[in-house]
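A single structure is presented below for examination.
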Amino acid sequence: MTPIEPIAERRPQHLPNDEPACCKPHPFVDVDRLSLHYGEKSAFQDVTLSISKGRITALVGPSGCGKTSFLTCLNRLTDLIPACLVSGRITIDTLDVLAPQTDVIRLRRRIGMIFQKPNPFPLSIRRNLEFPLREHGLRDRTQLSTAIETALRDVGLWDEVKDRLDSPALALSGGQQQRLCIARALALSPEMLLMDEPCSALDPISSGIVEDLIVRLRGRYTILIVTHNLAQARRIANDAALFWVHNGAGRLIEAGPAKQIFEDPRDPLTAAYVSGMRG
Amino acid sequence: MTPIEPIAERRPQHLPNDEPACCKPHPFVDVDRLSLHYGEKSAFQDVTLSISKGRITALVGPSGCGKTSFLTCLNRLTDLIPACLVSGRITIDTLDVLAPQTDVIRLRRRIGMIFQKPNPFPLSIRRNLEFPLREHGLRDRTQLSTAIETALRDVGLWDEVKDRLDSPALALSGGQQQRLCIARALALSPEMLLMDEPCSALDPISSGIVEDLIVRLRGRYTILIVTHNLAQARRIANDAALFWVHNGAGRLIEAGPAKQIFEDPRDPLTAAYVSGMRG
Amino acid sequence: MVKTLSRSQNPREWLAFVLVWGAAAVVTATFCWLLGDILWHGLSRLSWTFLTAPPESAGRRGGIGPILVSTFLILGVCLAVSLPIGVGTAVLLAEFTLDQGLFGRMTRRSLDVLAGVPSIVFGLFGNAFFCKTLGLGFSILSGGLTLACMVLPILIRSTEEGFRAVPASYRLSAAALGLSRTTTLLHLLLPAAVPGLIVGLVLGVGRAIAETAALIFTSGYVDRMPESLLDSGRALSIHIFDLSMNVSGGDANAYGSALVLVVLLLLINGTASWLATVGLHRKIVTV
Amino acid sequence: QTTGTNQLSGKLVVTGASTLAPLISEIGKRFESLSPNVRVDVQTGGSSRGVADARQGLADIGMVSRAIKDEEKDLHAFPVARDGVGIILHKDNPVQSLTDEQVIAIYTGKITNWKDVGGKDAAITVVNKAEGRSTLEVFLHYFKLKNADVKAQVVIGDNEQGVKTVAGSRHAIGYVSIGTAEYDESQGVPIKLLQTGGVTASTETVRNGTFPISRPLHIVTRTQPAGLTTAFIDYAQSKAVHDIIAQQYFVPLVN
Amino acid sequence: MTSLHSNTLFHWSTDDCLCWFLRGLAAVAGTIVIVIVTFLIMEALPVLQRIGLLRFFTDPSWHPAEGFYNLTPMLWGTLFAMAGSVLIATPLGILSAVFCHYYAPVSLGRLYRRLIELLAGIPSVVYGFWGLVVLVPMIGEIHPPGPSLLAGILILTIMILPTIALMADASLANVPQQYLRGAAALGLPRWATIRGVVFPAAKSGLFTGVILETGRAIGETMAILMVCGNVVQTPSSLLDPVRTLTANIALEMAYALGDHRAALFVSGLVLMAMIVALAIAAEWISRGRIYG
């Protein structure tokens, strides 16, 4: 392995204030010195970052640097993983996410998540959307079908599937499945979306469609997207953050407006990464 | 899904002769109207292509267009898949690959293959290399250890593992595992290497190391590499071929010297693909 | 692998080829012999009356009607008890990963031991606990409960496997949608784990229906048609044992009963693998 | 008698000797058919269990396939049938008779080859019964042996296992219930019964009392029987069940 | 540091109730073994208190009617029968599974698997019956008496073979396809692939299979009782009759009273001890396995 120069006490250089004042970003999520350990192994350490409301923040970095792990802290999916230890502080709006008394069910309703591999449930298309809605207390039939239609229209899937709402969701193509998953998350009207490489398992055409969809959702939702595809990040993100593995644990190297990160990075590692020298 | 314009009877435009005469490529593999069906489903159809000796040929194209399937025809790994039907003709040197009387064991010894996911056997590092060698008739202990050392040096792994040859191969990192797999193939002194996205499961650093290794092997081996990473293809390939899915089956769209494919593609689809508009 | 049968010149390959086919042939031959023996002697006994009539003259003549009924009742009790406990335990062990602490480990270990307990020891235990201490006497209930203890580990093991085979993505995406664990379990995981459950059921039922040693001391010997679960009832395998070991001239009916038992097993296995393929098929179609 | 049983109702639990179980089970069935409200549950085990269960009240009636021992005199015993214990050999064995001394010598391992008692030159396979069985006790009692002295090559459980073992082994010697052996012999199973003390072993000689190794088959109760129990015991001892006794290859008692 | 493991705090109504309910069920399942052992000990206690455990291994013989309680010959009987049958059944069973997966045509393999599944469920009395009337006389022809350790081993082999064959079958099915493709791509022939790649990859499953079949071999009762001869002696050859601990219980339990009965419960305890030892061995092996 090629050695990397030691990064002595490097602090993330998050500069949320260098944008024009007209659209001054308003922080929605505040992450303070967050670390995550899987048993002995550290996934990432000491991440301090704030994510602005209504914007798309892209998280980039090499494989294994803890991007996915970072996302799962925000909606406390980490609870499902045994021997997983989170320390630090996450504040969403005014909610202390990591506090034990936090109602995770409500938290997760507020924060939708899309995974790398499209993962609709093995149910019909309709049931995929209806089932979480019902669980969250929506029982009325007409309201349900309106919500389903709205969500499917939002992701541009309505016309493609309206005639076969009761056929199995897993019979859809990969891109359609991913959009269905997004619709499923949107149906619960979350405030924020976490997306973990939502396009990387899709063929180029579906990937393009999903990407367009994400752009359309900007403004309405706060979106945090992990991607390997730097071109994509460049195309869609307002803000960007770069993670890197250092001494076996992920670190936040640099964060800021996408334009600055991609065109004028402050950190030599960022510069190397975005110029495609590595990765 | 966005419709693609029908590609009426498009024939691959393989132009092996537009290179300077000094290094005129000498065809090593000749594929003639090859088609592959998995039961009812067609993986690719009517591929005609020739691969030159000692050069790196990159196979690119969107997911599911039959790249992996194409590779497995060349060393007849298709034999392992029930209900898999291959038609057409493949000639390697003078050997008719698809003829039933062909000795597949010898064929596969002549053609090494590297898979997308590193797949060392669940044995020690040494046994991973020793075992295939022994099976192919090398019994002498000193010869064996020389062969092992040579192969490991070839892939730059010797210094990293020489002190722990008897520890399990699965404890190596992904990049090391992949290099071990390459070493395992090289140890049998094949004439040709098939590589199916050898870097895509690796982190950027390991990926760079493996890429450098592949470049170092050029000339000594005929290499056919599948990759999703166009930048990588551009960096390392002498020749390139683009597959595309059309009507549910893969087709060869264009093949030729890498320079021409990437800089002056003849086919609009190729142009769109290599410019990154899709994919 | 099938088509790779290369005409390799390697003598070791040939030796292995011969050995593997030889082993399969030996096993098949032995089993055909055994099954043939049962079939040969048992087939002539098989008839509708044999299946329905009560045994006469200690089983030398007549049929096995009440014995079949008792066998099914014992099985029924066994499943009615072991299924909920088994599935519940499997869910806990497989899904509530946070319970992997001391409690989970101890449970797992004690189940491992339970899986190995000889059936005769179950018989001793069932007799002492269900028949005597709980006062159930020789009854179908005692027998069924004893068998339930016996099949539990098998059931738990394979149901757990079934749960583990369900992709983790279901759990993660359900949790990300803010669904509770109970909902996730009931609506997503349980249906997906059904094939594993079925395999466990087949293995368990197979073991239960074939059991002799544990039943001799618990469900008893009475070959009358049972009227309640507290009646004693003779299971098929005990009937076979008694006919062949204790009743002179009982061999013919012993063979007949053995054949019935084998056919029953065949039916159960067949149904289960059919169910499993249907389940699997459904999964694949919907997947 | 049948008129009396019509009003009877209840359940009788009978446990004990496996030898007796099929017989009592069949008698019970006929008894049930006569008085439809009665259930007779028969469980096997062994004579000792019949005694123990009757004593502890776990069973209404115990079955004991041997004479009542002195320490069991507290129980009320009712003989229902007789059975003999006969020595069997394989049919192809040329030996036609053995003296008591020869049997003792064979069972204690002093004679180990058939040629010493006039047979072929072959090792003797001694088949003994497992500890606790009444047949064993009766056999040991007659030959005044201790089980610890017996040198057996095969130990068996129930009668049919003994018959099958001897039938399957040309050089075996064993002892089983005469009824069982007689029936099997008549069915073409390759065994033969030997004379004992100069008397042919058959149900006939057991019936007339000349065969020396025989045992009474008892049912026992803890207290003086009453009601249903009495009715059943009376019925089991009556002539009405003699055909069943014969059917099960035992010897009815001549009152 | 915040431990987040108590996520169910606010869902008492559903998740926690379910969890506690399931824990209750699991507790029932988990306690059965303890209850069994307790009952065995309670029943065995009278004789253990009177004569002590040691005499079960030092008495001159097993004649409970006369007050001798030596279990060692039966312990040896159990161990020999177990060892013999495991030694034969393991290779046969594994080769059977290999046959299903890598040698037989698909349809034949499926048929063969069905056959083995069927055999897994055949009751032991049927095996014993067959052994008694077919196998034992055959052995008797070669060397009297016939009922012997050998007969026991052969019958046990047939009985436990399905266990190991099915377990091996399942673990071979779990061998990742990538190993097979990797081996094929290296031009390795079939047996070499199986020996060098498949077996190491399936090792832990195969071990589990061996453990399971050993358990069955120790615990088998009815068939063994019918074919082993049941003489209480330490066998000096394969053709000697033996009695196993399980057969001892089945043969004498129905007839035993008092100390004799308690002594049989001691046999049961010894069997349990063997099973526990086996479980510990299994744990130890699975912990010691090197290449996951």
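All chains are identified by letter, namely A, B, C, D and E, in their written order; residue positions are counted from 1 within each chain.
Note that in this section a contact is a pair of C-beta atoms (placed from the backbone, for glycine too) under 8 Å apart; a residue touches a chain by one contact, two chains touch by 3 or more.
Computed from a predicted structure; not experimentally measured.
Visitor: Along the shortest chain of touching chains, how many steps lie between subunit A and subunit D?
Guide: Shortest path length, in steps: 2.
Visitor: Using only Cα atoms to place each chain's centre, name the chain farthest from subunit A.
Guide: Relative to subunit A, the chain whose C-alpha centre sits farthest away is D.
Visitor: Using the touch rule from the top, point out the two chains with the most contacting C-beta pairs.
Guide: C-E
Visitor: For subunit A and subunit C, what's the span in angstrom between their mean Cα positions?
Guide: 47
Visitor: Between subunit A and subunit E, what's the gap in Å when you average each chain's C-alpha atoms?
Guide: Computed from C-alpha means, the inter-chain centre distance equals 51 Å.
Visitor: Based only on mean CA positions, could you tell me how far subunit D sits from subunit E in angstrom?
Guide: 36
Visitor: If a residue has to touch 2 or more other chains to count, which residues of subunit A qualify?
Guide: In subunit A, 79, 104-105 touch at least two other chains.
Visitor: Any chance you could list the residues of subunit E touching two or more other chains?
Guide: 5, 11, 106, 132, 180, 184, 189, 192, 226, 250
Visitor: Give the residues of subunit C that touch two or more other chains, as numbers and ranges in rising order.
Guide: If we look for residues of subunit C contacting two or more partner chains, we find 1-2, 4, 6, 8, 98, 180, 183, 244-245.
Visitor: Inside the complex, what are the residues of subunit E that reach subunit B?
Guide: 106, 176, 178-189, 192, 196-197, 200-201, 203, 290-292
Visitor: So in the complex, the part of subunit E that touches subunit C is made up of which residues?
Guide: Against subunit C, the touching part of subunit E is residues 5, 8, 11, 14-15, 18-19, 21-23, 25-36, 39-40, 42-43, 91-92, 95-96, 98-99, 101-106, 112, 114-127, 129-130, 132, 134, 158, 161, 165, 180, 184, 189-192, 194-195, 212, 215, 218-222, 226, 246, 249-250, 253, 264-265, 268, 271-272, 275-276, 278-279, 282-283.
Visitor: Under the touch definition given earlier, write down the residues of subunit B that touch subunit E in their complex.
Guide: Against subunit E, subunit B makes touches at 75, 77, 79-80, 82, 104-109, 112-113, 115, 117, 119-123, 131-132, 135-136, 168, 170, 181, 184-185, 188, 194.
Visitor: How about subunit D: which of its residues touch subunit E in the complex?
Guide: Listed in rising order, the residues are 18, 44-49, 51-52, 122-123, 125, 130-133, 146-148, 152-157, 161, 164-165, 168-172.
Visitor: Okay, in this complex, where on subunit C does subunit D touch?
Guide: So the residues of subunit C in touch with subunit D come to 57-59, 137-138, 220-224, 231-232, 242, 244-250.
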